[in-house]
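So, here's a batch of structures to check.
Across the two complexes that follow, chain A remains constant while its partner is chain B and subsequently chain C.
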Partner chain A sequence: MTIEVRNLVKKFGSFAALDGVDLKVDNGELLALLGPSGSGKTTLLRIIAGLDWPDSGEVSFNGEDALAQGARERNVGFVFQHYALFRHMTVFENVAFGLRVQPRAIRKDESTIRARVKELLDLVQLDWLADRYPSQLSGGQRQRIALARALAIEPRILLLDEPFGALDAKVRKELRKWLRSLHHEINVTSIFVTHDQEEALEVANRVVVMDKGKIEQIGSPDDVYETPATAFVHGFIGESIELPVEVEGGVIRLGDRSLPLAAEGLAPGASKLFVRRHDMLVGPPGSGAFEGAVQHVRNFGPVQRAEVALSGGETIEIDAPPRQGTARRRHDRLRAPPLPDICERLSRPIGSNFPKYSPFSHCWYATTAPHLGAPAHARCGRDTHHFASCRLRRQRSAGPAAVHVCGHVGPGLQARWAGGCDHDLAIPPKQRPRHRRHRSRPDAACRIPVRRHGGGQQDGP
Partner chain B sequence: MSAIAARRRTLPGFGLTMGLTLSWLSVIILIPLAGLFLKSFELSPEQFWAILSSRRTLNALRVSFGLAFAAACVNLVMGSIIVWALVRYRFPGRRLFDAIVDVPFALPTAVAGVALTSLFAEKGWLGAPLAALGIKVAFTPLGIFIAMIFIGIPFVVRTVQPVLQDLDPEIEEAAGSLGASRWQTIIRVILPSLAPALLTGLALAFARAVGEYGSVIFIAGNLPNVSEIAPLLIVIRLSEFRYADATAIAVVMLVVSFVIIFAVNRLQRWAQSRIPAR
Partner chain C sequence: MTMQIADSVSLVSPDARARAHGAAAHDNLRTEPRAVRIVIIALAMIFLSVFVVLPLVVVFAQAFSKGILAYLAALAEPEALAAIRLTLLVAATSVGLNLVFGLVAAWAIAKFEFKGKTFLITLIDLPFSVSPVISGLVFVLLFGAQGYFGGWLRDHDIQILFAVPGIALATTFVTFPFVARALIPLMQEQGTQEEEAAISLGASGLQTFFRVTLPNIKWGVLYGVLLCNARAMGEFGAVSVVSGHIRGETNTMPLLVEILYNEYQFVAAFAIASLLAMLALITLIAKTVLERHLDEGQDISDH
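Showing the complex of A and B:
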């Protein structure tokens, strides 16, 4: 069953819950609608289910108009966040409900219904609870029963509205894995809504990121993490550092410091610079783009997190990856610094004589988005018609960590641009974070060698 | 034992509140009722039986209980519909209608009786067109029935309203998406969830109607054996100084009411047990 949504608009008073949404869901897909609350994801799901109606737009299932049918005729399984089980019925009767209310002409006989319910309870591994009432079950069990109930009608589409939102963290993680394997087993076209990015990235084949009633990006979990299309996606998915920068005369400035980033094609004015925490490292003074002082160092399991006060006044947190095979404990960083060059300095006490370090050995490159106002996605590794993004690809093939830079440029115009960065540190390649995609894509037009080493101050392209 | 038991209780204050409960219930309810029973013991069993089996008493009891039950059933149906409209829809004047439901609670019953009587009298606004159809309301059992409906309606509405408000609309959506028609959703999902509250409302409306006096006597016409209610018969016996007769009828009313309400309560408990608390 394919689902196609075209130009869907839904307003609640003056608030646009959906503002022109287009979406195509392929047969057998497990799609996540991800976004903050109020982004319209639940509204979209409810419209697909027939529980809500759009102000305008189209929804079709396998090419036939779904809006002409009510929820009852659409044959869609819907799982609610708060289960919505029938409290006065046993688990068995809850699951059997959809079969018992079928029109008399197609209703199955009692023994067939019993067999089918038994089969579904086996599928959700809760056959031993058949005679209980919903109030006697745990949250995770209730949600699995709700799922079995939705599957009883052999739905063409399965829709799940924040299915694990009301559950505690541990159960949620278990159910995620379970849902994925269940989907693999039954292979029904499924859409689930979540505000939990981890959940979306872990469970779904494809992720739709929504904000303010609009779709910001559609892509595989890797895509939305590695190559966010917009500033919103970069900020929403994964942990990002956001720095306010100023574009002025072809130079990007952070405070009074100009950054070695290309600003070609960017309109002057205030802009924002995004970078992943783990894509920044601390290096010797004068070796990177920024000057700053390390304030604190903390260990969080596998990463070492440093709080760095930049010379411009902003405080950022960066993650340094650990050295492989070294057991890391809270207090052993002085004895066994996993990355000597970096961590020795990180672990130095803070004092009046504390030198200013340049926290970044990275050099950054910004790609340009020349068509202001146009859909100016300089998508890393995808878009080839910008010179700069070619270079980005070139850099990626050399195996650096990725840095994405997104900006709002000019009043009312949004240009989205992405950047890459190269660095060379004493980290073995397999430890370098996040470059499992875009590995080698040679591109003749972009053979500009941009290998940078931790030592020197870098310039833009 | 009591010292240990008291120490083991997590909630303090059991002794105090239980003592107050018992003494209060005794003073307010049990002692007056016991007095009623004692008074009726002045009669020999034969006299007691003679009073009860007299045609007038039996007819009065039949009118009271029969019409009260019929009125409670009508209230159950109409009250549920009113609750549905008040809870599920937003319309101008909703709060006003919501307040109007309480009027029978607050209005002096005699006022209600007089108003209903003049409305349904042969020349009244509603009485005249009904009389033209050959239906006589005022001064007939039908009038009693209407007065009982009037005073009973808020009990159903007020007991069912909070339960319906708590009923998650999602369960209706769930039923709909599982293929249930609107009618199937109401019968299989909504009504069973509301059953305990509906039964409580029924019991309360019934109890109120059985005991109603003020509004009924104005509209009833009070013809012995036809439109005379048991409470009125008690008052008549009292005014004739036949106190034992009055208490005998009262005791029967009390016992029958108690049995009926107890049965409805058991039914309600049973319905509730199928919907354990969340």
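Showing the complex of A and C:
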């Protein structure tokens, strides 16, 4: 079942809950609507379900007009945030409800209904709760029953409104995994609403980021994380450093310092620059785009976080994975020089007057002392891949180099460089879980827009 | 009698005493000394006894003052039987009407957003805030010989005032808020999600109402009906204005009690009054049971 939404508008008084939304959902997809509260994501879901009506716009299922039908006829499974189980019915009767209210002509006989309910309770692994009442179940159990109830009518589409919002963190994580595998099993076109970015990025095939009744970006979890389309998405997903910049005569300036970023096509004036914390590195003075002093370095978990006062006065926090052996030394060095430069991969500057342009052609890495085990990023797939380590330098003239991801080595990846030099490279795991998928694909060839710095491999693998 | 009550209050099971001992330090901080407690409880008990229990006892004492035979004879009087019949009829009519109107009003207020909603809520409370006598007079003004519809009704030979329809109308008016008031908060608290779930599962409007909405509010409905019924049977003011006090025809039980009392027929008056008092007691017990069910219903709601 494909769903198509065209130019949907819904107003509550003067407040526009949906302000011209266009969306296409493919068959069998698991789509997340992600946004802060009040962004219109639940309204969109309810309109698709037929529980709300738009002021204007179109909704079609497989090309046929869905707005011509009521919620009853649409055959849509809806799962509510607060479960909405029928409190006076047992779990069994709750699940059986959709089958029992079918018109007499197509209603199945009692034994078929019983068998179907049993099957669904098995599917959600709660068959032993059939005779309980909703009040006797835990939150996670209630939500699974609500899902079984929605699936009983063999819905063409499954819609979930903040399905895990009312659950505690641990149960939420379990159910996320469970929902993914369940979707894999039943393969019904599904849309779920969430305000939890981790949930959206982890569960969904595609993520729709919404704000103020508009869609900000539609893309794979990697896309919305790595190449945010708008300033809102950059700020909303993942942690970002936001810096006020000026565009002036083709140059992007932060304070009185011009940044080595291409500014072609950008209108002059004030704008904002977004950078991911983990895309910045610390290097020796003069090697990077920013200048500043490291104030504190803290180690926690897999990352090392440095608080840096930039020369322009702003204070930012950057993340770098700590490294064994060298980690301590690096740590010390971070403290030692009073004004080390900060090397960074600059994300695309985004602002109201910034047109879109490809972000990764403007990646910048600065050189630091070459050694292995320096931070690197490995990604495979159709989006741009880059490896960056302290011993790799991106030069403006440098072309892409190929790299083979060969397999796992301890906590990292082993990558083999092609062209120029064969070299094993230990790549620390990315912090984000999405990347596990990439790592599980050995021997995938990746193109990278960075090139080894000529010469200097003193360190062996 | 009061001493007894005070005694029984101070009696605590050993079990509870042990618990109280454990939390003694705590208790001392927030409770009054024992003597003060006993005085306060005794005062409340004395007050209730004088103002509530005593009158109730007197009603039954007077009713049975000439023996049980006189009591039964008083109830078997044709006038008394007619009054009981009329009261039951009027109560059944007004409860039936208010059940429908109350459900509709509560449904509209709790489940939909519309203009004039606050106005509607205020209107529902109107019968409570107006004196019953005024409520009765309103119907006289509407349906009386000099009233707005008086001429038309006379032309068509329809008798409303000083007849059963008038009494039923006045009673319905006075008792309207009970069902609606019992249901509105309950339905508002339950929200519309279960109904939405039912509809998305393919249930029709009627199926949703009978399979989901009604089972959820049934204790609330019973509670409203119970209070509505008690008031309908006991209503005096409004009914007195519209009934015309025609013996054996338009006298309800409360009206008959007054008439009999004014005629110094104490046994008969109190016999009827004892029926009303029993109704009150039964209502009280049923109300307690229903309230327990309502509380449970609330526990079942999520979170």
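Just so it is clear, the second predicted complex is superposed on the first by the 323 of 461 C-alpha atoms of A that agree within 3 Å, B and C clash if a C-alpha of one lies under 4 Å from a C-alpha of the other, contacts with A are read in each partner's own complex, and residues count from 1 in each chain.
The definition used in the following text is that contacts are C-beta pairs under 8 Å (C-beta built on N, C-alpha and C of every residue); 3 or more make two chains touch, one makes a residue touch a chain.
Computed from a prediction, not measured in an experiment: that's the story for all the values here.
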Combined model on chain A: chain C and chain B, fit or clash: clash
Which of chain B and chain C A:Val9 touches, first, second, both or neither: neither
Chain B versus chain C as contact partner of A:Arg142, first or second or both or neither: second
Which superposed partner A:Gly77 touches (first chain B, second chain C, both, neither): both
Residues of chain A at both interfaces, chain B in one complex, chain C in the other: 49-51, 70-72, 74-78, 80, 82, 84-88, 97-98, 101-102, 133, 135, 146, 149-150, 152-153
Complex contact set, residues of chain A against chain C: 49-51, 70-72, 74-78, 80, 82-88, 97-98, 101-102, 133-135, 142, 146, 149-150, 152-153, 166
Of all residues in chain C, those that touch chain A in their complex: 193-194, 196-204, 207, 211-212, 215-216, 297, 299-303
Complex contact set, residues of chain B against chain A: 168, 170-171, 173-181, 184, 188-189, 192-193, 195, 274-278
Of all residues in chain A, those that touch chain B in their complex: 49-51, 70-72, 74-78, 80, 82, 84-89, 97-98, 100-102, 133, 135-136, 146, 149-150, 152-153
